[in-house]
Structure formats: structure tokens, C-alpha cells
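Okay, so chain A shows up in both of these, paired with chain B first and chain C after.
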Partner chain A sequence: MVETFLAFIGRNLFLVFGLMAVGGALALVFSKNAVHSVVGFLFSMLSVAGCYLCMSAEFLAVAQLLVYAGGIVVLFLFVVMLVEMTKFKEKGLFQSQTPYALVAVAIGAAAIVGVFVSTWFTKSADVALTLDPGLARGLDVAKENSQAVSRGLFAGYLLPFEILSVILLVALVGAVTLAKKERV
Partner chain B sequence: MNATPELTLLQTCLMAVIQAVCVVLFIFIIVPLTIYAERKVLGHAQDRLGATRIAGHRVGLTGWLNRGMWRMGKVPFLSYWRGLPMLVGDIAKLFLKEDIVPTKADRAIFLVAPALSLIASVVVFAAVSFYPGALFTFPKFVPVLGGVPFNGFITDMNVGLLFILGIASVGVYGIVLGAWASNSKYPLLGGLRSGAQIVSYEVPLTLSLLVPVVLTGTLNFNDMTRKLALETSPLAAPLMAVGFLVYFTCGFAETNRMPFDMPEAENELVAGFHTEYSGMRFGFFYLAEYINMVVVSALASAFFLGGPYLLPFGLHRFVQDWPVLGAPNALWYVVKMILLLFVFIWVRGTIPRYRYDQVMAVAWKYLIPFTLVLVVLAAALRFAA
Partner chain C sequence: MSFAAGLWGTLVRDLPLIYPQLLILVAATVMLWPGDVFVPKGGKGQWAAVTVVVLAAAAFLVSRTPSGMGFSRMYQVDGITRGFQYLCLAAGIITVLLSQLQLNLHKDQSVEYYALILYSVTGMLFLVGASDLVSVYFSLELMALCIYILVAYFREQERSIEAGVKYFLLGAFSSGILLFGISLLFAATGGVTTNLADLNEKLALLPASSNLLVFLGILMVLVGFCFKVAAVPFHMWSPDAYDGAPTAITAFMSMAPKAASLAAFARVFGSGFGGLHAEWTAPLAFVAAASMILGNVAALRQQTMKRLLAYSSIAHVGYMLLGVLSSNVPGGVQAIWLYMLTYLLMQSGAFGIIIYLQGKGEGERIEDFRGLARTRPVLAFAMMVILLSLAGIPPLVGFFSKFYLFKLAIEQGHVTLTVIALLTSAVAAYYYLAVVAAMYFKEPAEGEVKPVSGITSLVVGMSCALVLAGTLFGAYLLDWAGTIL
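Here is the complex of A and B:
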């Protein structure tokens, strides 16, 4: 009795975390206060980490915690905390983009629904789909997924990975050049 | 780790709950004792006795002996236990004080922030392993849990170290959000300093933890402590000793302890981020700081000082065949933690506070390049082995 109840919860934990993530995202979009938005964002990120955990992607979940919740959202909060957002509200800066944003959201939603409808009722994947099985030889991917991910990154897809990091570097250098004032 | 795959879901959940309760009890025993020890050790560091007054130091046999010792010019050690009831008074004070929320504060966030800080510091213990195996097994007559082993860890997850770092990095929100929600200048300044400081020091902290990770090639807590103690080359010992010093220094900054306690520098910022907090909400921040100290000591003793294995820095392989001392023991782990907690207090009594720019310079100019060199050396050592 208790056993079946726990199993039921365990199976549906993903849904719980998913709904929490959606709730956080809604709070992010609809709250009037920028710091409240950031808190909603944080909540959403934590819930997404929970979702990954439910799919037994431990490494991804923890990376989500470490990178997004622990790093990026802190910087967001840092910036937002110091900016007086009321001035922007008076100018109506955020409202001017509404029609474009709606169009973009509609296209994105249609694409996501399109993808999901085709896979909605099929059998869920039990094994990793993208990793080359040759790379994961000798590994129990469900339990050792940090090793599996590292083999993917550093053995199978080393060049794309390094190119990605160069792209990040380019963004960083670009931000510095844009933000830095000319000094003679 | 140990081969008991036949646990039912109910047993697993129950064990998780029981172990979580045990860990929380452990924390809430060791934290008040740390606070008490801090009073006493700081007192002695400053040539006084610390808390002795409660329970009357002139009454009874011990009081009489103490006075005799005073007359003979000795420190009356019998008065040590007399400061202990002060803890109960402290906790009662924290619970009974009025909980004030400033009118202009952002109420929801103001109320949530201390809890966030406390939760983030406690949840870390989900991945900490006190002993790599079963401490004891429940006897058969226990209703649901008969025959289930009681492990020295809650979960043995494959990415334990990353989990700890991830959860610990969430703890900064409590401070920053609490500071912002107070809607007051000094807390905001304290929160800003704290945010910048913790984010900066997370980099050398993580890099210094990379040294044991690179040496062992795993992120699992139990595997790491075992491989560090038994399988790393003895050449790694100096690397690990230096890594330990760097990690512990960063730990001081992460917990906002004395040489780096910028967020609450009382001569500049009143009380920093918790200026507007009172009662038990302040108590949450207070507890979170001490629990973070326990966390830093726990990680330092596991990843550098050998954890449940007796000798630090990977030297345990030389004594692993000894009868009792060679086997892992949760006691060694706790003793090392307590020693490191003492070092926390000792440093607070010894080293004066850094200036804020000095704090940041230590992190960015010295610790980060230094730890990068350490990681490269560790990688070279592992490649050579």
C-alpha cells in the first residue's frame, strides 16, 4: 500500500518538478519587481535541476545547480539589485517589444509542440540517445554519467567543445570592448 | 559500496529520513558546542576565561576549589563547565526575542532569506560520508527495517563533490537577498561585499578541490577518500598539503569568518547583511555560519586529511595493515572536523581583519593562479603515475 504510493510519487516526481519550474518561470515573467523575477528564475533553475535528477542525469542536474543556480543567477541578482527599475517602467521600455516578443513566443511554442506531439505517446528512451555507444563501452551510463559525459566531451566531441569555449571567450572580449570607455 | 540491493522503496525512504534526522541532530549538537568553544577559546586567546558566570562560580565544592586555584595563581579549569548553561540561555533568547520586520522591507523575501541560508548549509550533508560502509545493521525484530544496514552516509552519489559545491553555492542567496530585502544601506553594502567575496572565492575553492579530484579521477565521496588514503602516490602529499591550506583559506572567506568577514565588518557596516534581522531569523543566519564552518571542516578533513582514514595527505597506505588504526573509523573523521573547527576559532582570535581590496586581491591575484599551478602539477603527477 505504502509501497505503491511511494512508487507512484517516484514516477511522477518529474511532473512535480516540471510544474514547479513552470511556476518559477511564470513568476519570472509576471512579477513587477525585478528581484522577485530573479528569485522566480532561481526557483525555476533549481526545479529544472530536480527534473534532470528524475531522469537520473545526476551530472547534468548538479551542473545545472553549480552553473545556473550558483553562478549565473547570482550575477543577475547582483546587477538587478543595484539598478532602479522604476525609471525604465515609466519610459515603457519593456512594453515596446511586446508584439515582437509575442510573435517569437508563438513560433517557439509551435515548434516545441510540434516536436512533442510526435514523441508524446511513444515509448520513453531508456538508454542515452546521442552518445556514441562505442564511447560508453565498459560504463554503466545510468550510474556513471559524469564519466560518460566526460568521454563524450573530451574524446568524441573535443573539437566542437573547444570551439564552444572559444565562442564564449569571444563574447567575453566583445563585452569588455563594448563596455570599456576609450582612454587616451 | 556495500552489496545490499534488495532494499524496498519504503525502506530506502525510511532510511533516508532516519539518517537525515541523525545528521541534523549531529549538526545541532556540534554547532552549539562550537559556539561555546568559541567563547572559551577566544577568551583564552585574549587572556581571560570566557563564559564562566552562569551556575555560580562561588558555590559548592568546585567553586571552593576554583577560588583556591585563583589564590594560588592558577587558571581554575574546574570552572569550564560553568559557562555551558549559557548556551541554553542564548538559544532561549534567540527564540523569545521579538521578530521585527521593518516596514519598508520586502516582506516575502525578508522572511525567506534566512531559511534559504540555513537550508543550503544543512542539505550539503546529504552527500557527506562519515564512514564508507555500514555503521551497524538493524536487528531482525525491528518492524520494517530488520536487516537493513545503517550506512555512514545518506547517499553514495556518483557526483557527490559537485553536489556539495552546487548546494553550497546556493547559500549566498540567503545573504544577498536578505541584505537587499532589508531595504537599508548598510545591509545592502554588506550583501554586495559578501556576494562579490563569495563568488570570487568559489573559484580558488573549487580549483583547490580539483587537486584531489585530478589525483583520484572520481567525484564520488567514498571513492575519493579511499583512493586518496590508499592509492595515491606519496609524492602527492606536499601537493595535497598545499591544496589543503588554500582550500581552508577559501573556506574562511566562504563562511565569512574572521580574517575575511567583510559582510559584517562591524566597524564599517554596523552588522552587515543581518543588521535589520532580529530574533530567530537572525539566529538562522548565525546557525548557518556555524554549520558552514562544520561543512568546510568536513570537506577539508575528507578530501585532504584522509577523512575516516587515520593519516592525512595520502600517507595512510603506510599504516593500512595496522590492527585498529589501519581500518577506517568514523571517529577519526569527527576528530579531524573538531580540530579544524578549533583552527577556525584560533584564527579568529589571532589574525586581524583584512581590508576589502586586500581580500579581493588575495583571491584573484594570488590564490587563483596558485591553485591553477597546483592543478597542473597534480595532473602531471597523475599522468606520470
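Here is the complex of A and C:
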């Protein structure tokens, strides 16, 4: 009994990690305490790293751990401690529109689950990391993971990658624009 | 080594395609640092002139860009790309000109304002040429992120901050939906490609069992785009964001991002999902009809000019979606381009007049237009021409651009939609004419007459003159658009 259960989990690790990520996200949204929210976020990000591992994208998994678990969560904790959260407490999560929204969300979620059940993901889930055959030349994508990522970034997806760098710059400029003390 | 050499070779080959974007990016970054160090406090308004020059130079570069596809087929330059790039650059220049009055009044000039406009325009230039869902998504984000910040630019005004936060949250949410849709399509086609042309081929070969997944993916991408162009029922953000934003940014939002997103909309659905035309026609037709009806009916009840134009722009997007619906992709895109061009002319003039009347931010109600014909006859005449053209009353240029769109829709067999479009145009004429009536048949309010600033009157004069000139050549406009695109 236990063995079959463990075997099932072993076969569906991606599913397990995915559900854990969703659970973490729900904890993030619904917990009243901001610190608990951050912990839920951390849990969710760790589970996503697990999902990456299941798809044998080791490099991405480690990067996810370093960036999110290492950097961003710490940053969030700082913000939570610096900003006084108590004054937002009385604002309820539920408003007059909540029932309608819940019904709409339930219908949408049912439709999406129905679609997933009826089409059940085909082969794409276990393809490790897809790379243009031209780019993958001379590369065992499943083993040489970081090389594959770098080829993706600097050859196949060079343009979006560079646009992304501009987006990050814009985020910085925007933060300065909105927060700078004086403007002339 | 050979791989790296190959990379360098393709980079050198592809770079000429994006020279305009590179120019703007480099200029904006240099403006922020070190450029701003050398400009004294109080003189930041000088950056406006630099921005206009950079945008005009980029427009020149666009005219010299060779046609072709590059960056692993992520970006494509063709007539459509160039045509919409001109529109976005023109909208950027108009925005910078219109900004001067309000920014000077608020003493809120800064280099970041202009840099953000430049970055946003870069995103648009990438977006109109994006031929891959990944590059579409990233350029869309670059364009939108800058606008979120610009909407909240007057941070000491609660309305501005509220508009920015609302727009940002809803925008981020809709981006999530768009991205989810893209990933579903990516998975459904076997997880190999996001390129639009490849996707179209793969989607045609899919077995019937994965139809639902594809449909869901396309529906989500549709929702994402409808949000970006503010089509009903995804328009909730737009009146608030239009209302709270600095008025020049409102003008910007109603022109440039709409043009760029509609171009990408037409390209993604025309060339990417063109093979599945039957699947997305019904939802998109519903969205178009709802936008026309709700946009025009809601505009009837507005008291402020900015909200009126916000709702009417929702309706105009509904008309332009007729072009996206067309299975004749080049014809649809030409009609959209022409409509967007005339819309840009009229909007820039209308917003110029609003900015003049608005001053520091109080007088933007429709009541403020009362008796304008008495106090400022020239301005009132310009506003009348622009409003009549927006309403699509013949023989003004707005009529011709509507006519081409509706003709195309009828040729494609969307008769019901066209009838709805015609009926709602009549509704639109009512609220536009109400403003004209207020200008000509009501007594002006007491108070001194404000002087007209030079730049604003330049924009208004240009816009009115071009609308009148376009009226003369109305019958040849579509052929002319055909030579450009």
C-alpha cells in the first residue's frame, strides 16, 4: 500500500510540487499576517524550483533558489518589517462584490479543469528543455543544462532577453520617479 | 568558437532591423545618466526638445530600415511594422509637445518623464514588429510598464496615484492571463515553438482531442489583448486611468499603445491563429459589439471631457476590432492603420484644446466648453471640426476611415456587426454634438480668457489642418495606405 503510494508520488513529482506551489500561493493571499504571507511566498517559490528539477532543468532550479529564496524573500521581509502593517488590518478581505466574483472564479476554474481533464497533457511535459535543433548542435540538452540555457538566452531568445533588461531598468527608473523626494 | 562566431555573425546581420529602437534606447539611457547631471535644476524642460529630436530621428531611421526577419525570427520588419512605427513615433512627439503646458504649471519637469516616454515608444516599436509570442509578450510589458508609471506621475494627486495603482494591478493580472494562454498554446503544439508562422502550421495539424486546450489558450491570449486595447468587458481600468493620468499622458494612452497593441493583435491573430479563424471569430465579434455599444452609451452620461473621450475611445477600439476580425489580413490591417492615423490626428487636437482649457487641473468638465465660440472663436472652430470628424460625419476625414472599415466588414460578411457599428455611430454623434452645441449656443461663464500657449496651439492647428486636408483627399486615402503598408 505504502509502496504503491510512494511509487505514485515518484511518478508524479511534478504534480506534487505544483500542488505545493499552489498551496503556498493560497497561503500568501489568505493569511492575515504579512510575515506568514512571505513564508507562503517562499514555500511557493521553493516548490516551483522543485517543478523545474522535475523537468530536469537543474540550472533554472538553482537560479530560482538563489534569486527568490535567497534574495527576494529577504527583501520582502525587510519591507514587511519596515512598513507598519497594523493600520491595514480592519480592511476586510470580503466585500459586497465577493459572492459574484467567487461564482465567476468557480465557473472559470471548473472550465479550465474540465479542459485539462479532457485533453490531459501529452508528451510535452517530459521534454526536458526545448531548444531549437539548430541551437542544440553538439549539445546534450538533458545533461549540459546551463549551456543550453545560455544558448537559449544569447542565441534563440536574445531579443526578448535584451528587452527584459530594459524592463528592469524601467522598473528602477519608475521607482525613483515615484519616490524621489524633490522633483525640479 | 564556431558557435560564438555564428552568434556574432547573425547579430551583425540582424542589427540594422532595430536601429530605430537602439537609437531611442541609447538616447534615453544617456539622458538619464550622465546627461541629466549637466542640466541645471529648473531647466529640465530642455529635455523635451531633445526627446522630440530623438523621436524624429528614429522616424527617419524607420524609413531607412530594410525589410526582413531577424533575431531567430522574433522580429520582423515589413510595411505594417513601419507604418505603425510611424504612428507610435508621431504619437510620442505629440505627447511631448502637449505635456509642456501642464508640466510647467505643476513645476514637475523631470528627465525621467521623457525617458519613460522614450522607453515606452521603444516597446511599441518592438511590439508592432514582433513575430513570436515571446517577443510580443516582452515588448508589451515594456510598453505598459512605462505607462503605469507615467499615469501615476503626479504623485501628490491622489487621483493620479489611484489611477496608476489600478492600472498596474489589472495590467499585471491581464499579463498573467496572456502568459498562461501563450504557455497553453506552447504546450498544445508540442512545446517546440512560439513563432507565429510555425504555430499556425502546427495548430492546423493538431488532433481534435487537443482542440479544447487550443481554444482555451487562444481565448486567454484574446483576453490579454482585449485588456491592453481596453475593449469591453475588459475596459474597467480605462476611464479611471484616463481620468487620473496627466492629460498629455491620457492623450498618449489613447493613441500610441492602442496603435501598437492593435497592430500586434492583428498580427498575432491574423498570421499566428489565422488557420483557426472560426474558433475566435465569435468571441472577438462579441467583444467588438459590446465595446461599440457600451462605449458609446456610457459616454452619453459623462460630465468630464476626459472620461467622455475615454469611453468614446473604447467605442473606437470596437470599430477597429472589425479590422482584426477580417480574414483578409492585409486589408484589415490597412483599414486599422488608416483609422488609427485619423484617430491620432483628431485625438491630439481634442486633447490640445482640453489641456488649454484645463490649466492647473480644474476645468475639464464639459460645462467649461460653454460659449467657447464667443471667447475663442478659432479654437471653437477647430474643436468643432475635430469633434464632427470623430463622430464620423461626412465629408470629414473621420467618415472616410470609418467607411473603409465598415465596407471591409460587410465584404467579410459581418453584417450584424456593421449594423451595430452604424447605429452606435449615430449615438456617438449625439454626445459629440452636445459639446459642439455647448460651445456655440450657450453663454460663456464669467472669468478672464486664458492666453493660448504657442506649442498647444501649434498641435491643435496642425491637427485641424490635417483633418481638413485629409477631408479633401478622403477618397484616395485607402490607396495611399496601401502604398505605405
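Keep in mind that, in the parts below, the second predicted complex is superposed on the first by the 136 of 184 C-alpha atoms of A that agree within 3 Å, B and C clash if a C-alpha of one lies under 4 Å from a C-alpha of the other, contacts with A are read in each partner's own complex, and residues count from 1 in each chain.
The rule is short, and it goes like this: a residue touches a chain if its C-beta (ideal position, glycine included) is under 8 Å from a C-beta of that chain, and two chains touch if they have at least 3 such contacts.
None of these values were measured; they are calculated from a predicted model.
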First (chain B), second (chain C), both or neither touched by A:S146: first
First (chain B), second (chain C), both or neither touched by A:V62: first
Which superposed partner A:L42 touches (first chain B, second chain C, both, neither): first
Which superposed partner A:A104 touches (first chain B, second chain C, both, neither): neither
First (chain B), second (chain C), both or neither touched by A:V113: neither
Touching partner for A:P160 - first (chain B), second (chain C), both, neither: second
Complex interface listing, chain A residues touching chain C: 111-112, 114-116, 118-119, 121-125, 127, 130, 132, 137-138, 151, 154-160, 163-164, 166-167, 169-171, 173-174, 176-178, 183-184
Touch list for chain C against partner chain A, complex: 3, 7, 10-11, 18, 25, 29, 32, 41-42, 44, 71-72, 74-75, 107-110, 112-113, 115-116, 119, 122-123, 126, 134-135, 137-139, 141-142, 145-146, 148-149, 152-153, 155, 186-188, 190-192, 209-210, 212-213, 215-216
List of chain A residues in touch with chain B within their complex: 2-3, 6-7, 10, 33, 35-36, 39, 42, 46, 49, 58-59, 62-63, 65-66, 69-71, 73-75, 77-78, 81-82, 143-146
Sites on chain B touched by chain A in the complex: 8-10, 13, 106, 108-109, 157-159, 162-163, 165-170, 172-173, 176-177, 180-181, 188, 191-192, 195-196, 199, 202, 219
